[in-house]
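Structure in structure tokens, see below.
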Amino acid sequence: MSTPVATKPIDEPATVTRDRRTARRLTGFMPLIALVALMAALTVADPDFLTQRSLTAALRTAAPLIVLAAGATLVVLCGGIDLSIAALASLSTVFLALWLPDLGGLATPAVIAVAATIGAVQGLAHVLLRLPSFIVTLGGMSILSAVALVVSGAGTVRVVDDSTVKWLDLYVAGYVPMSTAMAVLVVAVIAVILRVTPLRSWISATGYSESAARLAGTPVDLVKIGAFCVSGACAGFAAVMLVSRQFSGGPTMADNLLLPAVAAIVVGGTAITGGHGSVWRSLAGALVVTLLRVGLPIVGVPSAYEQILYGVIIVIAVALTLDRSKISIIK
Amino acid sequence: GCTEEQAGGAEAASEGACKPSDVKLVGQVRNESNPYEASWLAGGDAFAKSVGLTQERLTYAGDSTKQQEQINQILARDTECLVMNVLPNGDSDTAPIVKGADRAGAYLVTQWNKPADLKPAEYKTWVSHITYDGVESGQQIGDALIKTIGGSGGIIALQGVLDTAAAKDRFAGLQASLKKNPGVQLLDQQAANFSRAEALTVTKTLLTKHGDKVKGIWAANDDMALGALEALQQAGLTGKVAVVGIDAVPDAVRAVQNGTMAATVSSDGTWQGGIGLAIGFCVATGKLAVKDIAPDNRAFFAEQFLITKDNAADFAAPKTNPSDFECGNVFNRVAGPLK
Amino acid sequence: MQSEVVDTSRRHPRRGVSFRDAGPPAALVVIFVLFAVLSPQFRSIDNVQNIMDAAAVLAVVTCGITFVLMMGSIDLSAAGVMGASALTVSLLVANNRTDNDFGLLGIAVAIVLGCAFGCLSGLALVLLKVPSFMATLGVSAVGLGVATLMFAGVQPNVSDPMLKSWAIERFLGFSYLTWIAAACILVGWLVQRYTRLGRYAFAIGGAEEVLLLSGVRVKPYKVAVFALAGAFYGLGGVMVTSQLGAGLVQAGSGYDFSAITAAVVGGTLLTGGRGGILHSAVGVLLVMVLTNGLVQVGVSPYWQGGVEGLIVVAAVAAAVIPQRRRNQVVK
Amino acid sequence: MSETVPALEVRGLVKHYPGVKAVDGVDLVVRQHEVLGLAGENGAGKSTLLKALVGLVSPDAGEIYVRGRAVKLRSVVDAANHGIGMVFQEQSLVPNLTAAENILLGSEGGAVRRGVYRWETMRRLAQEQLDKIGSTIDPLARTDTLTFADRQMVEIAKVLRIEERSQHPPVIILDEPTSVLESKEIDTLFAQIRRLREIASVVFVSHRLDEVLDVCDRVAVLRGGRSVGEVAAAGAVPRDLHRMMIGSTGSDDHYHENAAVPVVAEQPRLSVRGLSGTSFRDVDLDVAVGEIVAIVGVHGSGREDVCRALFGAEPTTAGEIRLDGKRIDLSSTRAACAAGIGYVPAERKVEGMVGPMSVAENMTLTKQKARCAGPFVAPRKQAGLVDRWIQRLSIRTPSRDTAIQRLSGGNQQKVVLARWLVGGDIGLLLLDHPTRGLDIGARSEVYRLMRELAAGGVATVLLADSLEEAIGMADRILVMSDGRVVAEVACPSGGKPSPLDLVKEMV
């Protein structure tokens, strides 16, 4: 169609005062506020939860999720979705485990490069075949899983000599898990690159209004392929983290991280329809999701109630963090 | 500088120094929504109660990463006198659990899944690994199936989650059984992922594919066997095709009893849930010293029984009793060392 | 995450409606013929019945999801809602755990429960303004938790003869479940074509903001659509229980993504405003023919998932070729 | 009720947006059975005021009286119940519904009983509405299969449902309904407006002041959110209105013909041979350096698609395109941009701008060199450049960081145009209805800009808003019909053809 109407039918109340602006600024911090609130709640439920060791462990746990979510955030910002990240990470753990004996230290960059390539290929299929990313990556998910199953001989591939990936499982100064530091670094690098280059506005334009972006001469196709490529590379890097702590690779190792990763993105307040959001938000989102995943059972919530609470809290968290001033219609 | 361990935190107690009341018991399985694993947690609760403690029940929804996350978090707390009885999601999940527990000095018993070259004997607090011999059980029910169909004809196989040791070993057992019986033909094998629902559709499809040639169905666990039974009922073939499974869940034992299923193999969830905690508890409280545990008991196959119509009645109720968990008896059900 | 066609070629009146809609049915025919040629068992009457039986539950779930997709929303709650309804019905009809024997009433309660869960999703969307993606994911978790509570460690086995007969008895060669699915498709089609609810769902996907400008209150309709979808999932859970003869928490596992795949393969757009029940019915058949055919022709279980993914992507690609245009937006 | 009570009265209406006083204390009276024109520059506050009258904008202050009674209008339904309906500036139809459903949307009456559709009744009711305005479209056609103009007629048919809904003479508001219509359709619309005057009051907005004076009884003028007066239409001329709108006299030379530069025909910038695509065939087109070539034709002539094809946004099946003598391959919009081609699409909201992004970002989306140092964005350079163009085109915006969707239509259009100019490296500009929705002043500025660009050597292809505009601006006019170029008319300064000459060629 050709004639959507941009009119926001219900417009803001008339009082354009300072508190409105503060409120708007506050929405940027909402993911953080949600994080702190959740931590407080868990601590009340079980005072033991708020120890340095406990928090360090949670940070370490969150690292692969942060990286996965950060990469996929770019695809979401472009208005698409990448459902293949978890399967790709699983496949990458298999590759890494298989290649470590021969390639040693080169295995890590090799796996990341291969994962980036696979991501880019999906992006290419999405762009060239004009297929919804949902379908391309859903298909990609099954294909990558099948490949992982076959390549691994349907089993765990043990890593005997993990000396070249071990560094990722160390602690900086005893307190900061290296993997978490690296995850934050990945987020920071992506954020900085977006900030100082035109990429940020290209991605947003693509996400908000692809046809307008294209008619403005924005390299929409390249931007999308690039986003899928980075998403793939991040899946590869997350896989390296997993191998470094699992001492093995497995064809389904990371599969269950898909929904948590998407949840992390949305909880961070990035609009699932594209355009608005950031990788920082996804970082906070990943921490919220991790706290929910490990926190609820650890403070003693029984399994059935844990699921119910998870469902309720995650919905409330999104209700808090989503910056609705940028999106008039929520689907 | 970088360190391998995180700073701070509790020192593990020296072996055997724990007061019984200081011991913390943790049982971890996939979920509470299947009968087998629910019985595991119930067994754990029963044991904990018998020593005046409570079991912390953890479930991870079959999600490997979530299992690791929970273990990490548990180990980041006070690990003095911590005893864990863990069902690792897959082979690959065992190593990090073991290494974590070892570092933290928590007493650990694992069950079902572990890579062959990872050995409890090489660790201080990884007390034992318990499993059932999948090759044997696969073969036992294979043999029983073949006997039921009269030693010749076609069968189909429903495999478990393809990348688990249980699925692979059990299927290897079936293949061994088939080797001995050249008259029996494996018409088809499909993965139904240990799931009742998947087994139902796959079986229906295989029944139309192979028609009357199907005389028997070999399923790598009882859930799938029960799914296959439903498929047979829907195809009007109840009783005409023999079905076997593994796990001896109540419904399957009942089916064996009334003849709709040919055989299953006991793996006793209630016992598994209790025994892991019992072994750890005994070591933590000094009633058992790790160095005194026979090497063969550090990683062993537990006794399992083929259940057919003849002995099904004996298995209708769980055979676990409190005396199984006394420190002198904890290795009573050892059938042999892990191969 | 969605695919939207901004029709920039307003100057050409729509060429060949039939041509555009013909993609999925054509793909269905091609794939069917292909398998029929490759495998004599595949083309047997028995197998066709089998495919229809196997398609029944997916068809009902897809009916529900189609209305949600038509609005441009998404629904991932099927797994949880079906689990809860499966446990509910298995505990309310004659079974081995309780003394209940409510028969049809029990079935009705399970469907109403599904409806209530759907309502929850809808309310979270319109009141809390949480994107449906997340709202339904949360509701799914809640559903699974509720189901686990009801499960309480012991498998409820159904002995109700009526419920069990649904999966076993046949009428004109097809099981009752298949007929129930057919009835759902008919009802769905009537709702879509002849009721305000159906047409507004379609319109909301086309241009929600215009409805607002026209003074239509869309919120009640959105909630109603999710509730309708929930009722279909509830029925789906009942049907699975009938098939399996027992109430499983996992009764709905995998149906969420399969149903979306089926709907999209059938030509429903994830951005809404296009497609419908009949499209989805074709999509369901396509997916089921594929799953069945791959087993019939003997593709290794290791590869089945991968091959299926590949064919789904190819089928959607083939189906969109007639609509492919320069500067068409696909998300 | 007395005939002298105004149908609608607004007193001291105020609506402020962050940084903008959109409506700043407006008084307005709409008498019964009159057609009231509303004139004002882009951003003067017309649409905001009118939206307040149908409950879409909640005013910060002020009263609204309907037939003498003070009312609070909270929603479109509220307004409709008071007999006020509006056709919005942006088309607002649901594309995937039938025309009939759109016409009856929200007030289905007998066509929907207890939630169930009665298609036959619906068709009949919709047909009645369409008959009123003499539209011949099929009520059951899907709206997105209709032409733009037909859709506009559907909107008008829709708003006329108000007649059926209210017992009192309704007030019907038409916000720039003619900007996308062609002269024949405009004539039909005006006939309707005149018919409506017998039974209703009409508020009519257009930037074509002659139109306003033609159809209205009285014209109220807004400037900067305030009422600045009104004139009786009879006897007034556009200049009078214009003076009130901007507070001074505009230039007479609307099309800036004195700034036109002679074209050097030997220097072709664009040369197209035998271009064919889905909706056009064998198009030959030459545009010289500094030349403005207009293409005219009715809907369906294929001229928009030719334009898009020249920007790589529409596939071609045959033909050759040369730019400055070099053959170029326009397989994507990127390629076109790289070759120095710019394009301003007709449908600004969807294709021209990225609504939630800022004026600055929208303006610099294309031209990296203009805002970057190497691969990096240079914020100061970007800001300076953007501010310069905001000033140069007098774009009315609180700041360069304001989301473009908060600007008035005309100002949005200027930003889109500026996008191609910030780089200073454009060789060929393709303008699809560049002045759609612009006020006279803004138009005049756009024309001046076009002249300036032409003088600087930019070749321009113009799909004009009206024949007058084509004639006024072009050096040469091509006539397209049914996908082919059927005539070429020279259009030099001083020797302009008359609109009639062109119409002859078009049929």
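The first chain written gets the first letter, and so on, giving A, B, C and D; residue counts start at 1 in each chain.
What we mean here is this: contacts are C-beta pairs under 8 Å (C-beta built on N, C-alpha and C of every residue); 3 or more make two chains touch, one makes a residue touch a chain.
These are the chains along with the protein names UniProt gives them: A = Ribose ABC transporter permease; C = Sugar ABC transporter permease; D = ABC transporter ATP-binding protein.
Owing to the predicted nature of the structure, the values given are computational and were not obtained by experimental measurement.
Asks: Skim through the chains and flag the pair connected by the most C-beta pairs in contact.
Replies: Per-pair contact counts point to A-C as the maximum.
Asks: What is the chain whose Cα centroid lies farthest from the Cα centroid of chain A?
Replies: So the chain farthest away from chain A turns out to be D.
Asks: Counting in whole Å, what is the centre-to-centre distance of chain C and chain D, each centre being its mean C-alpha position?
Replies: 43
Asks: Report the inter-centroid distance (CA atoms only) between chain B and chain D in whole Å.
Replies: Distance between chain centres, rounded to whole Å: 72 Å.
Asks: Let me have the rounded angstrom distance from the C-alpha centre of chain A over to the C-alpha centre of chain B, please.
Replies: Taking the mean C-alpha position of each chain, the two centres sit 34 Å apart.
Asks: For chain C, what residues touch not just one other chain but two or more?
Replies: Residues 6-8, 10, 144, 148, 206-207, 209-210, 212-213, 302, 327 of chain C each touch two or more of the other chains.
Asks: Two or more other chains touching the same residue: where does that happen in chain A?
Replies: 1-2, 4-7, 9, 149, 154, 211, 214-215, 303-304, 306
Asks: Using the touch definition from the top, which residues of chain B touch two or more other chains?
Replies: 31-32, 162
Asks: Quick one: which chain pairs are touching?
Replies: A-B, A-C, A-D, B-C, C-D
Asks: Of all residues in chain A, which touch chain B in the complex?
Replies: So the residues of chain A in touch with chain B come to 48, 51-54, 56-58, 60-61, 64, 149, 152, 154-156, 158, 167, 169-175, 177-178, 242, 245-254, 256-257, 290, 293-295, 297-298, 300, 302-304, 306.
Asks: Under the touch definition given earlier, write down the residues of chain A that touch chain D in their complex.
Replies: Touching chain D from chain A are residues 1-7, 9, 11, 13-14, 16, 196-198, 201-202, 204-205, 208-209, 211-219, 221, 275-276, 326.
Asks: What residues of chain A sit close enough to touch chain C in their complex?
Replies: So the residues of chain A touching chain C come out as 1-2, 4-7, 9, 76, 79-81, 125-126, 129-136, 138-143, 145-147, 149-150, 154, 210-211, 214-215, 259, 262-263, 266-267, 271-274, 303-312, 314-316, 318-319, 322, 324, 328-331.
Asks: Over in the complex, which chain B residues touch chain A? Could you list them?
Replies: 1-9, 31-32, 56-59, 61-66, 68-70, 72-78, 90-93, 95-96, 99, 115, 117, 161-163, 165, 168
Asks: Tell me, which parts of chain C touch chain D in their complex?
Replies: Residues 6-14, 193-197, 199, 202-203, 205-207, 209-216, 273-274, 325-327.
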